[in-house]
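The letters A, B, C, D, E and F name the chains in turn, as written, and every chain counts its residues from 1.
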């Protein structure tokens, strides 16, 4: 039974974005109402999709009614449904915050860009076609450029130029990779690739491996994997806090794609690929974790700290992916959701701090900020979550990852634990500088920019999501394990694509 | 092939050869001539006519030999003839602006400057100075 | 009625012909489409063409076009000769200001275009009063002759056609 | 269930103080106390069963797949610890109510305290080591808050961070250790692990696990060399110190060693690591305590020393020693908590804790004196107090331990430790309370109200009670706890007199006597101590941490310094290296596809392109020239497309290229016209190498691909076969774009639309007040400008060319489905035609004569495209399912009315709107920079024979 | 011909990367543009080179070149056009805000590296 | 037959013309000369496309030729206007 709802997460924000541009661009209130309503509707749709994916298994949606692999299909499975849900929940929090703080009024077209951003992200998660993934990467990227420079300003624009430039290289690489994939296999459908890759003739393996590695490197750029992480700190630290919070899901898109392709299409047991990806991914992931943790300790501003925390979290996530086992993948998925919410919360809290302080430098003694009690408590919670301390889901996530990677314990555990320590140190330093710093003078004068309640609702919401993710970890991990198993054995996914039989000579 | 067709073929071939020659001359002029203004003459005329001949040859070929109607060539030719003077005008102006001093030019004879050298030609309509707000 | 439908009949004709050339076929449908477009497009671009001149003598205009075409061919042979056979240091280029009496922009442009396409001359600029054209001649042993030739051969005709 | 409730109560209760503080301090304290008392009551309800020897279990599944479950169990050890934690916690709550000053936020304090209490209770009740880890780290976090409670004190902050760092690090090590243990056993449930001594001790992973777990214990329990954090944690308010350092936090390490004793102890590794560490810690800390002038510091080091003592006992690995350890845990908790509280009272009353400024308080504060003295005597091990009992037993155990073949080391050092202990305990009494009354106390002291001394008095009562009747007062508890620790029935027989033959007696006497002597000669020793160079832990720790953090800053900022050209270089090298690696480690056969012959004219085209590309590298610093050269490259590529059977691509490439160049020209107007030479020849060379290698790789890859056949039949065969019958168009590429893969195109036009509104939003931001706006207002052209802004020839020509070009646009749009063309190209053609008009007469002049809402164009384009997609739903078909039919409307051009064509209209509108909106934005920037708007299409009026400018404009 | 196409696109890639490694926004953008040209040619070439077989259904056609890469290139061209437009304008904006067009943010007053900043 | 020779001859003429244009782009005293060379290149390319059309008996690329003429014109004017005014559309 084909459900039109599968396309809704793409079409709804697209239409809403266009309508905002067309009809509401001079009325912020209307924009806020409709944009928020659309995002809430997205949550409802995502919920329905998540339930459907859990109960009925992978479902295909033929765009233009063309059969796979000839047309583009959308694929709803547990993973894509989960990612859409994650995006929707994050989006609501971010949007509430943007409205609450008036960030959305500091430049033009915030809500339109925001909706297009959602369209791009959801499209990327739902597509079952490799080239279409590229297209939606571009949709989400260009919207992210707009959001990143929202409000303007020298540093933001210059960092924006760097961000775009780096991603343009990524997009070029993506196209090189896709062209090579097509040139070898003659197909672009993900399931079709999953069928054909194991059957590749030996003589084509070398070229295909090049394509596969280039593809993975594209995702590595998005996922800020060392040594391709350089774009992230400047981008996140210079983006508006509320946008940086939304970007928490952007790196996850890289991870998502790496899972989708690395695990489903290019598994280590296919003769052409072997352990190539794992061999390259593992050291990079370790380096990512270490560089991120060092950055958390060494960051000179709170926004950069949050940015490096994002890098570190990607390191942990990629570590989990690099194992290519269902348990590790499940652990990675758990950690991914956690780090999205935790990272977003940290960026929002950073923004709260900046709005009350002249700047967010950590090496300057400034008077403690006004109204610090609640914010410091929120910071503490998000720091705990980010550093992976108990009792929040970060700790559970790390335990899951470590447990799943016990085969390489001697290498990986020290890295995970050592970097945790660095991050704890960094977070403790930042928190005590920001909130405890002794000073003769009174707290800074009344803040010029006083966020409204909605902003706090957003932060509470994200931290609340973390708590739910912690408390419900049992059923969640069970669900995720089933998801991971389905990724490692994609027969149901492939079957849902209803591909035509392979020609005789290939079999 | 009957006689008529042969003549047609000769005619088309002649057009092609003439076109090729003019094209070559135009590009050769670009190399041979000494200064920019001189070089400007070569392509504006020779090349344009050369390509024009080739286009007419093509049109004739398709209509008379292949039996397909093909008018696009005519359109292209007209377009090239229409635009060549403008192109030449602009390149000449650009060259004068960059490389020739006003003193080295002949006078207009009517007391005003040549337009390219006339710095006063800024046209301002105060009513229109309000930003054109049309998002 | 017809005037309102075809505010700019000549342009409409040009467009009509253009469409027919584009579609490469002579069918009723194409004619209708050409008609529609040659109404709509002039209407849409009318604002960009204020003060449209009237062609007083259509046959004269056609004759002028034939004349120019002939001159183009001659001009090209001349230019080709100069390029191919004249030593570069023998070429006597010259700037020639040509005072003009034409007042219609379309006519002036037509004249300038004609000059560029014909014997060894290129229209390079115009005086800022619009009354003198600046001509560059590739090889002009006698600049005055060229000026007079332009005025008599082309400008006079154009003046008759446009003004 | 009740066990879980006991652990949960403090956490749940932690919400209350913050709320109740509005009702006053008493209410706040009362609520906190009630929560604790309730938990204690629940514990008490379970006690009889435990004392009977039962073990009570509560199991709640949390994350079964990980083995992390909320499993609790209560045995003797748990009962002992939970009782201490809650019992002493109750006393601390009482004490703190009176200790904290008006300015201290009491609600916060109690919240932190309850969080900490909950974490501690959780540790001691956990039946799952992962759960235990959760609580373990929670104690680190909550103690961080407690120690740093006085935010205004730098010592508090630093002490808190140090404690967090050390105990947090240990905790992380312990995580690894616990995971190893769980992996050896196959379960993370403690009760299961405790039954697998054999498996654990015979595993290769035993030693790593042991070390990692002990790292956690030692850091938490401040064992040498991790002891240094504890004294600095004394910056906390005294109730915190009393709680953390007597009964709770530091005891957590001991608890865990005791808890794991059945499976970890008994091996030589255990003995040498644990007993030695304990011994060294005991002696060393006791020695330091002797010379501390700060009362709390003295107590802190005494705590470290006593923790060492207990650790040593556990390390001995015998059931007897473990039993003594349990007993001393109880005793230490009672007297040390009382001592801390007394010290707090002294501090509170005299406003100093400096032993040098004290003395003579005996008469001024008799109650405090009594309490403190009794507790200190117990600490010194003076009979008949409880400290004496356990110390005596400790010496007894130590006397029989052989260390590395040597019988003497252990007893001698244990005696020395005891001796120091006596000395500092007596010093505490003597230098604080005895001696003459002084007249220079910072604040005149007297005994506080009962609220403050009740708690220590109660503890001292216990000290005496246990001391006098140990078998009645404590043995039963020691019994069950020791049973739990050792995993066997132990016999507990506590007595005051061990007989003359007992070495402990003599060791004890030696210690007491020596202690007195030491105290008497204290001044001399102090001088020696001060003269001695000694490593100070805090500066060392600070140096390590700050150099670590500086190093981190250096690494971070050096690596991520914003130099994107280096990022690019690293990225490119990475990508190239990874691709080469992937290829070399794979298998490859050369392709067998026949090559196309090289023809002369295409070769010339290739040459043109190669030369232009080389030229662009050589001349790139001349920016205008660069753009001209891009024009050539775009042109050759476009021709190449035409040559290789891609007419649509040729059309698109050339129009996009022109549009791009025009945009870049528009931007270049405001940018520098030259690029300065900034990189060194070396740098340029290495860049060239990086670029060359990458380009070579791409070339080889492309060649390899072009010269082989597809491994599988390509999906394009389907497109070719179905384009006409199913897609309704003969231009397969166009049918793919608007139909087979119309969804891609939908995304693609959205990209364009977003790009345009982004540019618009950016322009708005630039034109707001700010540096960019200032720069534009002050902008002066950096090049000489020619006079004739709108040359007449172009204007007039455009009057004819624009309509023709628009017609070409319509033509290309309409035929796209069947022949090269389509919405996108048509949109660009129309855009380029309009650009021509703009160049002729200016954007503003043109726009003023044709009001078009560019935003609406874009949005309408996207909406039309979406609507054609959505329209299919009403046919019951999926998004974007197209429908077509050959309609022959009478008299109109015969074209196919496919929904795909409507979709293409959306494409057309979006492209047009996007280009227009971008140009409009740039035009606004130009106007801000001083460009003006003309009234007439060109600048010269030939009919009047004048410039239009001068009269009308000014 | 394959060799010519491969070498040309390799050269384009090299030139693009070289310019991308320069220190000013303008050459970097030019470099990225060249790189995207190279990419487009690469995708196109991935469909194999064929002359005189345009993908237009025609009953006289001897065969058709692979149309799919062409469609992909079209999509890629359009997208990179949008991206280029954005980065061009953004570079202009950055120049107007900062007063220079350096692409590296290593100078003292940039918050990409605040440690070096306003001390 | 003769047509083939004529065609080849024309191909070579315009091809060499193209090569000479490229040389002029490479070596020229100023940007206007290079613009002129580029403009001439466009015209030569149009000729080559037309010839290729005759050779392959296909009119498929004529729209491309038309578009080349249009875009070539627009870009030449744009380059020149940039030199003249800096701002090409205001």
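Some observations on this one:
As a working rule, a contact is a pair of C-beta atoms (placed from the backbone, for glycine too) under 8 Å apart; a residue touches a chain by one contact, two chains touch by 3 or more.
Please read all numbers here as calculations on a predicted model, not as lab measurements.
The greatest centre-to-centre distance from chain E, using averaged C-alpha positions, is reached by C. Of the two chain pairs shown, C-D and B-F, the one joined by more C-beta contacts is B-F.
Centroid distances built from C-alpha atoms place D farthest away from chain F. Taking each chain's centre as the average of its CA atoms, chain C and chain F sit 22 Å apart.
Distance from the chain D centre to the chain F centre is 59 Å, each centre being the mean of its Cα atoms.
Each chain gets one centre point, the mean of its Cα atoms, and the points for chain B and chain E are 31 Å apart. Chain A and chain D have Cα centroids separated by 16 Å. Residue positions 20, 25, 28-29, 38, 40, 42, 45-47, 51-52, 54, 56, 68, 75, 79, 82-83, 86, 90-91, 93, 97-98, 103, 105, 110, 112, 115 of chain E each touch two or more of the other chains. Along chain D, residues 553, 556-557, 560, 562, 564, 568, 572, 627, 643, 647, 668, 698, 705, 714-716, 719, 740-741, 744, 748, 751, 754-755, 758, 760, 762, 765-766, 770-772, 785-789, 791, 793-794, 797, 800-801, 804, 808, 819-820, 844, 855, 922-923, 927, 932-933, 939-940, 947 each make contact with two or more other chains.
For chain B, the set of residues touching two or more other chains reads 21, 28, 40, 42, 48, 68, 70, 72, 75, 79, 82-83, 85-86, 89-90, 93, 97, 112-113, 115-116, 118, 120-121, 135.
Interfaces, counted as pairs of touching chains, are A-D, A-E, B-C, B-D, B-F, C-D, D-E, D-F, E-F.
Within the complex, the chain B residues that touch chain F are 9-10, 12-14, 16-17, 19-21, 23-24, 26-28, 30-31, 36, 39-40, 42-43, 47-48, 50-51, 54-55, 57-58, 61-62, 66, 68, 70, 72-73, 75-76, 79-80, 83, 86-87, 90-91, 93-95, 97-99, 116. Looking at the complex, you find that chain B touches chain C at residues 21-22, 25, 28-29, 32-35, 37-38, 40-42, 44-46, 48-49, 68-72, 74-75, 81-82, 84-86, 88-89, 92-93, 96, 105-110, 112-116, 118, 120-121. Interface residues of chain E facing chain D in the complex, by the touch rule stated above, are 1-30, 33-34, 37-38, 40-42, 44-58, 64-68, 70-71, 73-75, 77-79, 81-86, 88-93, 95-99, 101, 103-106, 110, 112-113, 115-116. Contacts from chain C toward chain B in the complex involve residues 18, 20-22, 24-26, 72-73, 75-76, 79-80, 83-84, 88-89, 91, 93, 95-97, 99, 112-117, 120, 122-129, 131-132, 134, 136, 138. Within the complex, the chain F residues that touch chain D are 11-12, 14-16, 18-19, 21-22, 25-26, 31, 34-35, 38, 41-42, 45, 48-49, 52, 60-61, 63-64, 66-68, 70-75, 77-79, 81-90.
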